[in-house]
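First comes the structure, then the notes that go with it.
Chain nomenclature is as follows: A, B, C and D, assigned in order of appearance, with residue numbering initiated at 1 for each chain independently.
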């Protein structure tokens, strides 16, 4: 019909679909799921780094980390707002997160065990997120694309800060260097796994590509990340825990060992080291805050009544 | 009458009154109050030292401290048992502690701010407690006297451990020595205040003396403590925060400055640095444990029913 | 000493920021996670400027990190109010209302300090603390005049926190020369405007200033509460575990 | 290395004792304050003997305090079970039931270790852990078969703790030579008697082994949970703040 043709034309022309426009139900549903999962990831992602806020070893780093974790909360807010333009409420989405009906990025189910992990998350996890997200800045859904532009700018700032943190450690004492290397060793494969299963096993991809939501395959993005990161590792003077890692002159790409996708599946299905802890933490914050939200609502209602009476 | 005459004769002969014996109501009441207050002090006294259990700087000291705090709980148990022989229950007494109707020693309303405080409490507070309590080992009420014999033995062990802790610090690094001196400076006057108001202002004393519960006046005991402690301070190589402190050749006693009894009264009446914290801590432990005690009681009842049915 | 004065103000901010940072990812709603982190950032930023200034005044070559991470408990001069446990959100809001209003009055007055650097720090800080006060005020209204449960929690929080506000206005620890020279502000002069602002908010929130004259103190002389040692152990551990390292 | 094996057993006890010590003055009744402190003391005492032995086997001159206070997190080899937060009294009792029963089986077997010192430590420890098991068993009955609330809390506690019990029986971290020489005990052989004892108690307490095959691990390789860093900061701070001091 006419609406569908218009939708296809807009998407085909690399223009933006806006909230008021007609869109296929599957497009809407898929976007809601993706944006919500992305928002949830920002919110859950506050925990692993937040774990080091009170222990940051310098005040400058403490301030940087505080600003970063705050940015993550902010990203969560933009993204929930983008999802709300598709007709779902933040409360509904939050409820799906807390009840386990919607996922968040499995990377946050690993623990931060040393200060260097803060650097490794910035460098590797934010690095991988950027590779994943930069194409989304051209996504066909306007509100999502615009949120991603702002988010990517901040993420790349975070990625440089993570790199800088590791760079300092790598040039510090033996213990600091060891701490940095250990963190990179633990976060490397989980970061590779952030790009999802290999293309052969990936679902949803073809339709997402056609709708200009996804633009590159999982394996393409993973390769882009490896190429970028392998080079930076050299600058850091840290090694990546992959003996097969080598630059392939011919293709211009780095060869690397795939992550253990069976482990990825275990973590996604709930058995990562921190899945239960992360959700329980968020649920506790939510439950502990219930009386606060209730009171704010009661106060707002009173104010409305007072204004109406005045 | 005959019972009263018998009671007076036993007390006069320095023999023991036992639970089954007749006793004047004021004797019983006074003893209950004194024993309960003493028991409460042991229980509340677990907190200031317990504050350093997880942070003790060596494993040997951690074990010693753990054993000491455990002894305090044990002392509380003997003393509540002694009070129970006078016809009151531990639950009743505990309730009076938690509701503020019965006091505990005000010394425990000061905070432990450094590891050296653990030593200062052992040396000064347990030292003062021993001076106060040794005469009670000859108290006319049998169960109390016997509890005190056991308690005094352990207290004097604790006092030596406290002395040893400070001795080690006083011979340690400059920082350790400063820590020890600071602790002694803070705990000295509160320890002197443990003997109560000056004799001129003291109530209850005459009757207690006649009943062979109290044997020395507050000021006599305080002087005994100062004499003992001033000498030991010299061995430690730490000073006591009293410029007037000096040995009086003639009397064979040390002259000293009296503590600020107005401050003592403020702390007794509730305005010490930790009064609210100490009671709140104990109340929270009690409240948090309610479901445990309830379940233990329910289980015991079930077991009785099962045995009766079997 | 002028550096002692500046250090005490710095410590207030440093410890307050440390407690606020504990809230991160635990706030009642996302917007509040952002807001509390923001306030913590401002407060930490002010503390850093003050620490650097104190270090330079002291002239012993100590930078902000030496002062934050390598002093022992009795060398911290913050008021006890800021070190108290966060408690529930009501306790945090009452602490923030009392402390931010105090800081706001203080910085407003310090803009006229004869220590130019201090005056410049204060000039920047005063606009930041204005927002903190406003934020605390709004929550005090929402919680005091919202549900009965929140009202009860706010009343409990006020009872718990109020005694520690008296220390904010003690002046005895400040070198009289600094007051005479116009470097320092006499905290006693801040009490009246502080009380008037706080009381106005409490009344509007159907709450009341507690009737309690217990006034614990000691922080300005390095005597803290028992929670301070745990706070410092957590804050300083990593830094101290690697002596001389750069981060 | 033999010292690594002994160190892991020592760390189990050290960290378990640290958590138990946190209960002091917080127990549901006075008798339990005494009992938990007693168990902590036994466990700490065993850990100290094992640490000293490990230090001597290592031969680098490290004593019990060097090992307890100056190692970093990734050098601690305790199972994750013992480092978990205490939670409520139910969680503590479930942890104790699982851990003490494990230690009891382990020490019973280690009495026949070809490392004579280890055998001697085990011989003393086995009578101590028998009491710990008994204590945990009695409380499991009182809470599991008492009130509905306690039953619910015990069920929640089992769900929380059970996954961490699997790591106790992992053998991969132990040098096979130590097993061959009869120095070490293969933990896998302890699982059956352990499960039978624990299950019997749970059944008697009207509770059940959770149906959950999540089996987090890593402690034996120095990979811990996020709470471990806070535990160590608190435990080690003072010692580390005074390098080289004697206490």
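Going forward, contacts are C-beta pairs under 8 Å (C-beta built on N, C-alpha and C of every residue); 3 or more make two chains touch, one makes a residue touch a chain.
Chain identities (UniProt): C, D = Phenylacetic acid degradation protein.
Treat the numbers as computed from the prediction; the structure is a model and nothing was measured.
Common partners of subunit C and subunit D, by the touch rule above, are A, B. Here the CA centre of subunit A is 34 Å from the CA centre of subunit C. Rounded to whole angstrom, the centroid-to-centroid distance between subunit A and subunit B, based on C-alpha atoms, equals 58 Å.
Residue positions of subunit D touching 2 or more other chains: 72, 233-234, 237-238. In subunit B, the positions touching at least two other chains are 55, 175. Contact between chains, as defined at the top, is found for A-C, A-D, B-C, B-D, C-D. The part of subunit C that touches subunit B in the complex is made up of residues 72-74, 214, 216, 218, 223-226, 228-229, 233.
Looking at the complex, you find that subunit C touches subunit D at residues 72, 230, 232-234, 236-238, 240-241, 243. In the complex of the two chains, the subunit D residues touching subunit B come out as 14, 18, 21-22, 24-34, 37-38, 40-41, 44-45, 47-48, 51, 64-65, 68-69, 88-89, 141-143, 145-147, 149-151, 153, 234-235, 237-239, 242, 244-247. By the touch rule above, subunit B contacts subunit D in their complex via residues 43, 46-47, 50, 53-63, 66-67, 69-70, 73-74, 76-77, 80, 115, 168-169, 172-173, 175-176, 281-282, 284-285, 288-300, 302.
Against subunit C, the residues of subunit B that register as touching in their complex are 51, 55, 111-114, 175, 182, 270-271, 273-274, 277.
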